[in-house]
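Structures incoming, each one as structure tokens.
First chain A sits with chain B, and in the next complex the same chain sits with chain C.
And then the complex of A and B:
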């Protein structure tokens, strides 16, 4: 056969092959996927895994916020769908959801993982494996929470801003620096902390609370206020993989101070001289943990430097005076110190070293650590913790120097 | 046999970098962190010294025979029979790593991207592409490599810059927690990998400016060292040694976890990493495939290696398919057996030949 014919033949075969092979085994069209945005895990009394996944409805989301909130509107305009399924393991439950979902559930966009309080108290170890192993789950982008109360209710709270609860949670997390009053811990951090001897994990807490502005449901009222609202609050403390206690909001910030994760927040302290009060706007802080070992006694010194501004000064203060500024610095430092000490007290009470004092000790005294690491949960509550805070809150004082001081007792 | 074409010392350096890079960045951090934990970076320093020694010996040996590859002069140096055996070991080593590379490529591709695709398809695609590069010859290979390598190194640097803010330097403490033993153990695997730069034994006769070869060879190991340090410091500094050791592909994972809250568009850099890595794997396979095929042609005294490309590729693929049942076998093999075998070839065998050249100075005469 002439060379040219062979070339032509090969070319034809290649082109034909290209025509029928356009695509691949693993082709997945975007419109065939159900993008799971939030995953909640609970355990049934029989010990099975109960899984709730939230899949937004892109069409309704694109149409604007009316869909999710209107009780009378047609069902197709609901902005999301929650699938609840039961299985022996997480993967089993996910595949069980395929009986109901017309789209293949796809977890790469999942950003919120919620565990029920019951499950967390029994231990997360078993169910966490899936989240660490799955190639679809992005460890760093997922935030882990413990739910107080019924997760079905939480993930079904309507709201005109951020219609889909999963997206709303994600955005509340984004603005966590407004208060630093709740924890929003990435899944990666939880898994990494679990692999350490000298540090215990903690996660945020999610709750649906009553909405004080709720209006009674009136038929055809499209603009009703929902009865509940989603809130992120505080932190849940773990020992190994078991939930052992909660921190309230100021305590949570106390914890975040030590971990260098305070991005901002409000700090209300009594005014200088005991009159009125000052509200400060925290800009951030820097903390270092210094472990000390003297005669077998372990002491942790936490040094924190805080920077911020005065946002409100309710009282007869002249903020233009340096001595007043000094006094405010001192009061704010004391308030930060109280937050940290409260968090330490709570953590020691439940024997959960969420601060990583053990790790700090290991880094400083590796040989001594080897002898005590197995007893660390018992030693940790007895560790003396010193907190030194240096606050600088008068970078800016807003637009006025002297407060008006009307009607302050 | 003389391969047509000529490359520069810097192109050879690119070849040496590519022959190590793609699999080393993926597999080595986990293996090193398992042994040396937070001192993994220090293991790399040891590995760098060891790798430099290997490439130094290999280059010195190669420079004694500026017109020939190791396959050609081994029979003169070590005697006819032993020399042919040594030559065959080198050739087998190139194919052996090549089919190991095929499987490593398949391992991540099917774990992360193409779980349904039969692994043979993934492997054949890459191998055919590498065969195409080989038909182009050494000059083409080196030019393609220069482009791919530039993009890959820049991309890795970019990923590193995006994650550098997440590195916690306290994770590297305490220093030498368990003494130097684990650090030395951790250095074996990356040291073996760095030693792959000894491929200069096959390249030297085609280099134009041979005077620079020693410098560029050491530079190649240095580039690899810097890239590996970036990857290991990134992985251990972000995830801690425990998690780094637990992962199959820690580098892939740190690329996935790029997060900049203000710029969500920069999240999920796995696509970028994949682009770098697939291109890098193509070059890694091509470099070994080329060295093996060229060596085999010279061993058999053929006029051109091109006739061997497809048969050798087919045999290589078949060997790769049967060698490991699954990722678990591949992983334990890559940590325990593989580094010792490549150290045997690149360090012991090369060193042995180098010593022989001093004992038999007459063997050098045919060289010039």
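And then the complex of A and C:
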């Protein structure tokens, strides 16, 4: 019996030791990590990678013994820290950041990847490899943006209501359905479209603009309104991995219509009969691309059905009348169509098939695609695009049926 | 005279047994002639003598100088015969002895000559007014009868004695079951007295098929144990197996049903209880109806019910006393709490030390913020807090009620608040540990809660060294163990594995009563249905349609 007991004891010790030996190598206490919330990549004139990572300071969250941030209260420590490092590659730069950061940089919580416009114009290919390869980067979670202007400025906008600019960006992305006026493309989608012949990648655009409500800098205090504010706007078009042009806000929604990515937004159209104007609240849309091949000419028919409601009716309309409703539907459909056509025109101009027309063609005509796929960038600008929009904008008309303009003559 | 009798008795003893009785040395100072140790087997070999004096002397030998041993000699039938009543003073109800035996024999009894019955027979039929009597023929029966709080009557000229029920000592009154309180349902709990407990079961199950088998365990304690089952419902093989296992037990004392439980288990080292220990008569009765066997032990309110698997241990009688939706909700909550109380600290440790990517950013930052400055790694923090919690809990049980209150307040303040303010532990950990502690009280079987409490620690260590992989390994190990475990041959996970669809009506949720027609599939195999079909209630016209 003692012999068996000793054997059991030894076994337990060995197993425990094995578990400790095998397990603890990747043990890291939560507070020993620096959670990178945003990563920005630029290139120095010498061709080195310039990396800027944003790490929030959790302590700023827990100001005082009871925790919690009180906006306006004086926060002793800054809520975030930006580290800027230079390296020959991204990985090199990340490891170089260890000289500055007391915590190991941890990228699995990163949600925003920003490339400078210069870098994007030179081509993302080299730096994207890291983002495609690293096990810590979450490709579905990260949204890719191109920065207009200085990245440093964008990531340094103080945020009185949140932890750091990165989370602010994340929250703006979350509510993108309010307008659908900017693109927020997951990293996985960018990497996926890069590998396709019949579709080009596009990403969102991020910018720091002057804050009209900024308070003069009297105190070095976070309770003031910052001079700059972060905004997401439009989309950046790529050919292969190079930035070739931008879409403005309505054009961006035109692109998102085709890709079925519009979750909502506002649409302002002139009122029926040319009087007043109507603002519609888009609920969503459904688009299908139908490629056609007739006599060697490629034609894309995009059919979009849009559903929405009237949010505002400024003018003398009676929305309960079917002909008025029909007219509003027609006007909205025309507006959507204009957005799409504008986006197509811009994309064709820069030869960037962000719509995936080539992919649609390949699925419909796989044999023919093989012969034209190498020339697709040249063929794409000449492709005829037909847009058919079917809008149904009056689900319910709100709390009043008639506009004030007619009830009070 | 007395010395002569003693010598005679000694001779008799020497002749009747082979074993040598060892006199204990050096006890002469109290004036005893000798001190002997009496073994039951030895006593059994000594038959009762027709000579009253011999019997009395023998018993006096056996009980030696015990001051509470009483021999009351008296004459009956107008001096026709001598008799003696032997009992232990404080074990018997004195008024009972005085009234049932002494008064009726000494004052009221007039033997009726004409019917020609021997005096002994006549006395038994006419004069002894005790309800339960038993005739005995040897000394062992007499001694045991006396020790079991009976009065034993001897008549001169008869080689038999009469054991008469006269039990009368202080008992705790029937009260609420302390460990299994219910909101709705009977509030009666078992007590320490076996007879009372048996009565309670009899009152629940008024069937002649309810069978009790009496047994005695403990060489010295001779604890009475009753095996209970319902004939025709229980699997006879199960009863045989229980009897077989019980027969093996030979220890000097049985003070609680756990003495038997540890000796009866299928898997002695398993941390999981393989029997239900309950204080509730209604629970025992319901389980007997499911085809289980109960073991009632004298001296403890905890009755063992077996075989029991995980499913049975998760069922509370209250599930059936409430409206079905509530019963189901509570049952679901209980299974959830079962998982939480086993895993929550481990998951917290694993996720915060190995898998930071799994948490939503804000939650993670929140945890990190509160952990900043905590000097211990999360595993140690968790272990420390769990140990502290267990200490407080144990202290709360042991301490006198009045002080317990104070200790729990101090404990809560010190552990919960001061430790956080001092930055020794993070508030999140306090929440995790406290919630885990609370969930462990949801288990209807206290034994099950204990096993979960114990298993929490190794799983926590696994989580701290191997992360989620460790947690999963631990859970797998537990599952493998559970899948192989049996309780009296019935698989521990019966219903789940092996799968029985009819049992599922009473596992995660409690189906309406009328759908639970069948008894548990692994039990009561020869009597499957507990109710008539189509009992679903409804308005009359529905019933017409069906008919």
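The rule is short, and it goes like this: the second predicted complex is superposed on the first by the 363 of 409 C-alpha atoms of A that agree within 3 Å, B and C clash if a C-alpha of one lies under 4 Å from a C-alpha of the other, contacts with A are read in each partner's own complex, and residues count from 1 in each chain.
Definition applied: contacts are C-beta pairs under 8 Å (C-beta built on N, C-alpha and C of every residue); 3 or more make two chains touch, one makes a residue touch a chain.
Since this is a predicted model, take the numbers as computed values, not measurements.
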Touching partner for A:300 - first (chain B), second (chain C), both, neither: neither
Which superposed partner A:138 touches (first chain B, second chain C, both, neither): both
Per-residue contact with chain A, leading partner among chain C and chain B: C
Which of chain B and chain C A:26 touches, first, second, both or neither: both
Which superposed partner A:230 touches (first chain B, second chain C, both, neither): neither
Touching partner for A:191 - first (chain B), second (chain C), both, neither: first
First (chain B), second (chain C), both or neither touched by A:85: neither
First (chain B), second (chain C), both or neither touched by A:363: first
Chain B and chain C contact sites that coincide on chain A, given as residue numbers: 24, 26, 138
Sites on chain C touched by chain A in the complex: 352-354, 356-357, 361-362, 364-372, 374, 377-378, 421, 427, 461-462, 464-467, 469-470
Residue numbers on chain A that touch chain C, as the complex places them: 16, 19-20, 22-24, 26-31, 33, 35, 37, 56, 58-59, 61-62, 65, 67, 106, 108-109, 111, 136, 138, 163, 167, 170
Chain B residues touching chain A - in the complex, by the definition given at the top: 111-118, 121, 170, 173-174, 177, 239-240, 242-243, 246, 253, 256-259, 261, 267-268
Residue ranges of chain A in contact with chain B within the complex: 24-26, 135, 138-141, 174, 188, 191-192, 195-196, 359, 362-364, 366
